[in-house]
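Naming follows writing order (A, B, C and D), and every chain is counted from residue 1.
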Amino acid sequence: MAVIVDERTKLVVQGLTGAEGTFHSLRNRDYGTDLVAGVTPGKGGIQHEGVPIFDTVAAAVDGTGANTSMVFVPARFAADAILESFEAGIDTIVAITEHIPAMDMARVVTYLRSSDRDVTLIGPNCPGVISPGRANVGIIPGEVCSQAPGPVGFVSRSGTLVYQIVHELTQLGLGQSTCVGIGGDPIPGSDFIDVLSRFRDDPETEVVVLVGEIGGDAEERAAAWAKENLGKPLVGYFAGREAPPGKRMGHAGAIVSGSQGTWQAKADAFREAGYPVAKNPSEVAQLVAGLRG
Amino acid sequence: MAVIVDERTKLVVQGLTGAEGTFHSLRNRDYGTDLVAGVTPGKGGIQHEGVPIFDTVAAAVDGTGANTSMVFVPARFAADAILESFEAGIDTIVAITEHIPAMDMARVVTYLRSSDRDVTLIGPNCPGVISPGRANVGIIPGEVCSQAPGPVGFVSRSGTLVYQIVHELTQLGLGQSTCVGIGGDPIPGSDFIDVLSRFRDDPETEVVVLVGEIGGDAEERAAAWAKENLGKPLVGYFAGREAPPGKRMGHAGAIVSGSQGTWQAKADAFREAGYPVAKNPSEVAQLVAGLRG
Amino acid sequence: MDLFEYQGKELLRRFEVPVPEGRVAQSPEEAAEAARFLGGKVVVKAQVLVGGRGKQGGVKVVDSPEAAAAAAEEIMSIDFYDQEGYKLKTADPASLSDADRERLERTVPMRAKRVLVERAGELKDEYYCSFLVDRTNRSFLGILTSEGGMDVEEVNERTPEKIAKVGIDPLLGFSDFYGRAMTFGGNIPAEARKGVLAILPKLFRAFVELDASQIEINPLVLTADDKVVALDAKVIIDDSAAFRLPFFDELKAAHEVPEQERAAKEKGLNLIKLDGNVGIIGNGAGLVMSTLDVVKDAGGEAANFLDVGGGANAEVLSNALEIITSNPEVRSIFINIFGGITRCDLVAEGIIDALNRLSVNVPIVVRLDGTNAELGRKILADNPNEMLQTAETMLGAADLAVKLANKGGGN
Amino acid sequence: MDLFEYQGKELLRRFEVPVPEGRVAQSPEEAAEAARFLGGKVVVKAQVLVGGRGKQGGVKVVDSPEAAAAAAEEIMSIDFYDQEGYKLKTADPASLSDADRERLERTVPMRAKRVLVERAGELKDEYYCSFLVDRTNRSFLGILTSEGGMDVEEVNERTPEKIAKVGIDPLLGFSDFYGRAMTFGGNIPAEARKGVLAILPKLFRAFVELDASQIEINPLVLTADDKVVALDAKVIIDDSAAFRLPFFDELKAAHEVPEQERAAKEKGLNLIKLDGNVGIIGNGAGLVMSTLDVVKDAGGEAANFLDVGGGANAEVLSNALEIITSNPEVRSIFINIFGGITRCDLVAEGIIDALNRLSVNVPIVVRLDGTNAELGRKILADNPNEMLQTAETMLGAADLAVKLANKGGGN
């Protein structure tokens, strides 16, 4: 099982021939991911590091049966690249690119959600997804994870905190089913609830770790959803408890979310839902270990 | 049963307070349609000919439980009116207004089709829908139809040909389950196939009449669909056999449809699918009568 | 509204679509002046709304103002036929069927009132590109192929895989991947790719903002200096959007319409002139088309298509009769009304009014049904006129009208 | 980027959103000149990015150029606090908790470097309107209520039904029914309805085309002559869209940033200055925030937030250290790196380079983990420096850094 990526993943990388794209794509392949194609318009037909390159994602899908794409193109072309993958029939899209304008993502996410297809977009501005021992799509170093699949489902808005906290889990012998970095952008392709619902449905996942940050109300909503729907233990950690309060322009944000987005608000939401909140990254692993007895 | 409109129809009319809107809304009410509300922004709160008027469709739905809307507003406001009905939760929208720009309708139809809801838009530029003895939403004169429900499902691109041919059916004692004018616009809310599939699912409908026109390939596609899916007898009639061939600009149209849209192409498609084609309006009724033999 | 090439290009220029430099000319003198202004080799192109004007001599390359004037003069005297008509005209007469021969006889050729004089240049390659409202999918479609030129329909039949047909979501608009799908799918060669990829979003924006139902560029060319340019433009504007297109009326004014059609339009009537002798008045396009069909079945030929529309009243009917009777070819008139919104009593009043107002000397056959038909028939019966007859059914009325037309008479 | 009111209004004007006539002034003299130009009664408004500037004396109505100059002078000398800070500052000191008192001490007030001088007029009514990127629904939201003014959040808590919150489909864009849903739903009175319905699509267009994450008009007013005008404007622009906003850099230039933050930005580093004495360097915003938290738990206070980002190399680290050590408050530095894309060996090289290049005289605690961490630790061990210490864990490193900071020392 695992979620989002696994042994059945056949990966096409948009922007594979760039320096960053090459580096991480090959790392993913080295990890064991089935890297089948790259896409660079105008370079169709060549081989790059042993990977066949196509002009379009549609051609790559036709030629290789790719079912998952990773987006590594520059920000101004990335929204279009996501749409291209979607239209080519790709069902799992992992967008690493950061600084995609929110207007673009609002349109992209609306477009994907309005389709009849069941498409998963992770990111943008995210470190990707790794299912230990199965597949790695993104930039999460495989070494921080457990070598074999384990019982912990992990989801985080922050990138480097994925590394830090998964590393601590691994050191305590707590293997992971899948680790997902959803990214911290205003309009993510998948939010906490989307990923939690995948963990709910995954029989291998026995306990879930959610790593958030101050700002917005995604953590509060996740807690409310989990209480009603998750049916598995959940441990929360939120970075930024001591961060200086951000300047706030006007009232619109507060009218919408009804939350001030503070650490306290998030911690309260978790505790009220019956979920423990870790004080620091190390405590996350300790709390999970405690739950596992 | 019947399709699209029936005894459960609760009608709100957008543009009811205009002259045309009032005339036809009241005729629909006289026919027996449950006319519950009108919408005219800024006139909310008044009664017009005994019908409560609301500022928005949402308010009308809240206040009256309306589930069907009829759009009678001028062309430049009509696409927006359709969207308003949709967003207010209306499931059946009948747009009478003609001359709505095709760009607007392309956007509206795409928007409606991308929703999860099962929404039916009939029109624009159409005479509406009547289920004899049950409900009339539009401008089809109730007198041309059978007084009681009957076995014939009727669908037409042309408006006045609805009157002519339904009248001929009625005179031969061939009652109708529902008569639908889908309108002749380039981007109709419902096309022949949409309505045929409703007739397929309607146990009361035993035979279907399809009235088309030269141009486009809607009739050809309908024949192909019906052959595979309808499972009921179908009689075709197409106006324009002797119309002068229209001037044609460029190749685009032919590349798309692969059909020249001539009367012969449509008649061939029907005959190849095993369906009789009437030579004139009177023969439609005769062919149906023969099938009912 | 179908736009002339020069009109379409003028609009496309506003969207930064590269088109050749050119000037429109209404006379040989103006053509010479345009050629002088442009300098060097120019192409003189008939501005006429038919396909295949090149085959009919409507496009000439010349290299002096004098030659441009001569070309314009020649072009403006050509009888242009649409593609169907041209095929019939140039076929071996012996090979034509009776129907084809008849159709050819009925075909009225067109003249070009203007020529477009454009700077001529060397071309390396020709492509075909269009954006259109796709009725089949109720969406937008972009079409592109490296197999450009006039025979693209044949390419489509023989090797459809060479033509990229890319559905474009009307809400999403033109995201660049659509352009790549068109360009790579249409096998545009590498040297033209950048230029084509740059022109596509501009064409699409023009398509949407002009409320076009079609923009066809055939050929889209790669010039000797590696520029991608729209060498022709067939633009069709959605008449329903006229209210929001500030340029609509001005462009419309350049279109000539037959006098009778113009008079009808002025009175809000939709008339198309035909070549038979039975005048037709009906309400609703479908019913009028159907009326043409039954007239033909009865052995007659319609003199026109006239739709008085949904809410016809006495005045509309009276106007319609006035226009129909102004056609000297008409030998009988068939008024076929099925009242819905239209009330038959008002139709009858309009007929009586016209008979009183005009000196009508062709027989009129009236068939009324639907809303207030009884009342309408009574009004006609109460105002007897030797030119006026009624019929119970549409088919009966058609038979009678044709019989009367064939009997002769008329004005 | 949060725009100043005058910047937001300048942009909104391009979208034909009615705003009061006004001029921005950078000195009392310019304010007087602006008042002279405008004539009559004017309002002088502090251009400062805090909420509730009115309560703090930042908005004054005057009726002469001299009075405008005086108002500008006064306003430009006010210490402005954000709403939270102002609440603490004006509260009874005895009622403050220790944490609040500490927060107040750490709050740095702001000055207005500019005032906006606008023509003042009579108002009949005030409303609240905004468009924003709605993170919760991953869509757009339009908000409108007749209950305008500064207390709209309270209205939202007490009587949320008085506030129309209308989701706007990002693909569909602003169809007019959204405007009616906002206007009728927000109880806008009949006399203002037409003006509000006209302004909404313009505001929405500005929202989209400016790549705004928020446009808030509070108040949107009905003037004595029944015009609907945006009296204030809080516009936030999405920094990620800077590449396609030609005005971005110019507007950005008007924003003052602390010297250290500016220097960091020039080197591509994301730094926010804080008031403690433990310098922080980390990779990734989440890890840096988490580092602040553990420093606090260890009893320390961070001197800054500095994220070296995803792909930090030796040069970046060296620059980061240079900037941190330029802050005289810093007593110790905590470098917390978990290598993913970032390679720890390059980080170590950067540290060594900085130590060689600069005269660093505060202790540095380094914690390396992840990609090439072993190698990085070896490089540090091979280049011993009395100011340099390493730690195995993040928590251990935090403890050490805080202990060293509290011990004193420093440059």
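Please note the rule applied: a residue touches a chain if its C-beta (ideal position, glycine included) is under 8 Å from a C-beta of that chain, and two chains touch if they have at least 3 such contacts.
The structure displayed is predicted, hence computed values, not measured ones.
A.B. asks: Quick check on the contact graph: shortest path length from chain A to chain B, in steps?
C.D. replies: Tracing touching chains, the least step count from chain A to chain B comes to 1.
A.B. asks: Based on mean C-alpha positions, I'd like to know which chain lies farthest from chain D.
C.D. replies: Of all chains, C has its centre farthest from that of chain D.
A.B. asks: Between B-D and A-D, name the chain pair that shares the greater number of C-beta pairs in contact.
C.D. replies: Per the contact counts, A-D leads.
A.B. asks: Taking the mean of the CA coordinates per chain, how far is chain A from chain C in Å?
C.D. replies: Distance between chain centres, rounded to whole Å: 55 Å.
A.B. asks: Rounded to the nearest whole Å, what is the centre-to-centre distance of chain B and chain C, using the mean of the C-alpha atoms as each centre?
C.D. replies: Taking the average C-alpha coordinate of chain B and of chain C, the gap between them is 27 Å.
A.B. asks: If a residue has to touch 2 or more other chains to count, which residues of chain D qualify?
C.D. replies: 169, 171-172
A.B. asks: Where in chain B do residues touch at least two different other chains?
C.D. replies: Residues 107, 111, 114.
A.B. asks: Work through the pairs of chains, note which ones touch, and then classify the graph as line, ring, star, complete or other.
C.D. replies: Graph shape, chains as nodes and touching pairs as edges: complete.
A.B. asks: Any idea which chain A residues touch chain C in the complex?
C.D. replies: Within the complex, chain A touches chain C at residues 41-42, 44, 55-59, 77, 79-81, 83-84, 87, 107, 111.
A.B. asks: Could you pull out which chain D residues touch chain B in their complex?
C.D. replies: On the chain D side, the touching residues are 169, 171-172, 175-177, 180-181, 184-185, 190, 193.
A.B. asks: Across the complex, what residues on chain C touch chain B?
C.D. replies: Touching chain B from chain C are residues 2, 49-51, 82-84, 106, 128, 130, 132-136, 138-141, 143, 152-153, 156, 163, 165, 169-171, 208, 211, 213-214, 216, 218, 234, 236, 238-241, 243-244, 272, 274, 282-287, 289-290, 292-297, 302, 305, 310, 338-341, 369-371, 393-395.
A.B. asks: Over in the complex, which chain D residues touch chain C? Could you list them?
C.D. replies: Within the complex, chain D touches chain C at residues 171-172.
A.B. asks: Sort out for me which residues of chain A touch chain B in the complex.
C.D. replies: Answer in residue numbers: 114-115.
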